[in-house]
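Input: a single structure, listed below in structure tokens.
When the chains are written out, they are named A, B and C in that same order, and each has its own residue count from 1.
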């Protein structure tokens, strides 16, 4: 890798780290503590940006899947895979922050509330996407199955959302956002979006490089036998 | 392994409506090139055998010609028409015999043939089926399920199915695979008869001597490219083997 | 359209001849109901457990059913034979879907009967609505199942891959039908509302999506 490229990558991640630090500081010192729920509410600043970015990642999977089905170019598949991995990562964050919030605010780690159920189902949906990819060896079949699943899964998301909303919600949580909270929230979006985009691009680039390397690996055709080395009959 | 190179000598083309014409056909799967820049022209009434080592791309080439698989690059023209997604009527002029039967085991020979005949939209389907059952010599076994047939008998039904629409182009992918000697002889006789009645035949085969005897033109594929394309009587087994990369 | 009839007729004739698929699938469905019955014991909670038990049985036996009907086409590359015919690929989809629905109708009838028997489900309040709602659910499930059975069957590693992909996608159906039936049987409301809308939306969206995608996805 060229040095200018390396330094650009370094700068990017440095900025991301700084953004996290800034966001963290704001959450700790600037944002006011919510009256009814206390400090646990502050996990919201991590939860919501992660959730939005998860959705964006899965949207990218959807678009890339369509792109692959129509164009059949491998890089569409690389993009879909990278976006899915990051999406699942972020969705895990959403899920974990969700249950932590539940524990902190209402005392139980899990409840089949609409929001938590939706996070779980979304997470499962795309974990299965990743599992499906790893179950198929042929690159072409893998891309094909992933593309179909990527499209269908995304179409399923609004249905999952709506059906989760049918579940009884014992703890409706609507928070009125004070202006300082809104600012903090806006700031917290930055590091998570940077993380999202950065990881997707990194994953995409890595997949592309791996493919290039495989392609230029040379000719594996078997060579003629060297029977005379076997010795034996006089 | 320095045998003199065998020159390209495709037969003279008389009409533009060739049964098969491939221009720079290529197919890439999983970043591996299965077919590379295949240029091919097969004239009406020819009997061509495609030879090559395993993995040379022969079966794939046949599948592409049958329009079952789409090439990644290049053009394919069948009967003078370019093959696109909607080439259903071109398929009607092709009879495909693979080494898998493409039949339904649980159904009888008659049911299989009638099903495909109706699906193909053949007029007076039942009569045609009876005719073909008689042609392949299985008129008395028509009501037995395919799963009770020997491989040779299954192959005959598969051939009958391929002949349902009286196709001009016959594509056969290793049809002699797993057949006993009598069945091989029967199948050879059938192919010869079809050739004599004016049909164009493209045969993928692994038996070099057999192919040299049956076919009039030999094409040898190696790693997805055409290495040899010459009249059968100008070749012998050793030279073909050498071109295939044998020892 | 008569092509669909021809294809479905072929599928059902093969099924009637071998009775392989239907036997396995029905027995699996009943076995699942039995296992759940043994497991839940006296905790059965009557009708409330109904959709859980039934959906579990439908999901597993359904996936097996879809695998086998597509397996018939893969067995001797019969699918290639179909593709050589002047048949639109979407026609193949519709035919497979109809065949799957026919088989699932039979399976679900037997499984539901088993459920009513072993769990003493009380459907007398609204049997018609129960059948209607579960049928709508099965249609959506079959649409996705048919699509993915084609996609997955072209790979060698079939095993659990169909179940893996189809289950999470079908969860909205499970949730909606459960909530809807709860409302009908426990709360005495009538069918309708958002839950029903979700099921219908699911069916419409995935019937169309599967129909379109099948075209792009079918390989010999």
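Here is the rule we go by: a residue touches a chain if its C-beta (ideal position, glycine included) is under 8 Å from a C-beta of that chain, and two chains touch if they have at least 3 such contacts.
Quick caveat: nothing in here was measured; it's all calculated off a predicted structure.
Engineer: Looking only at C-beta pairs in contact, point me to the busier pair out of B-C and A-B.
Structural biologist: B-C
Engineer: If you average all the Cα positions, which chain's own average lands nearest?
Structural biologist: C
Engineer: Distance from the CA centroid of chain A to that of chain C, rounded to the nearest Å?
Structural biologist: Distance between chain centres: 31 Å.
Engineer: Compute the distance, rounded to whole Å, between the mean C-alpha positions of chain B and chain C.
Structural biologist: Result: the chain centres lie 39 Å from each other.
Engineer: Per the centroid of Cα atoms for each chain, what is the distance between chain A and chain B, given in Å?
Structural biologist: Here the centre of chain B sits 48 Å away from the centre of chain A.
Engineer: For chain C, write out the residues touching at least two other chains, lowest number first.
Structural biologist: Expected reply: 219.
Engineer: At least two other chains touched by the same residue of chain A: list those residues.
Structural biologist: 138 - these are the residues of chain A that touch more than one other chain.
Engineer: Residues touching two or more other chains, restricted to chain B: which are they?
Structural biologist: In chain B, nothing touches at least two other chains.
Engineer: List the residues on chain C that touch chain A in their complex, please.
Structural biologist: So the residues of chain C touching chain A come out as 144, 147-148, 151-152, 154-155, 157, 161, 164-165, 167-169, 171-173, 175-176, 179, 194-195, 197-198, 201-202, 205-206, 209-210, 213, 216-217, 219.
Engineer: For chain B, which residues are in contact with chain A within the complex?
Structural biologist: Where chain B meets chain A, its residues are 1, 29-31, 223, 245, 247.
Engineer: For the complex, give me every residue of chain C touching chain B.
Structural biologist: 3, 6-7, 10, 13-14, 17-18, 72, 75-78, 80-87, 219-220
Engineer: Please give the residue numbers of chain B that touch chain C in the complex, ascending.
Structural biologist: Answer in residue numbers: 63, 66, 68-69, 88-89, 91-92, 94, 96, 98, 100-107, 111, 115-116, 118-121, 145, 161.
Engineer: Quick one: which bits of chain A touch chain C in the complex? Just the residue numbers, please.
Structural biologist: Going by the criterion above, the answer is residues 69, 117, 121, 124-125, 128, 131-132, 135-138, 141, 144-145, 148-149, 151-153, 155-156, 159-160, 162-167.
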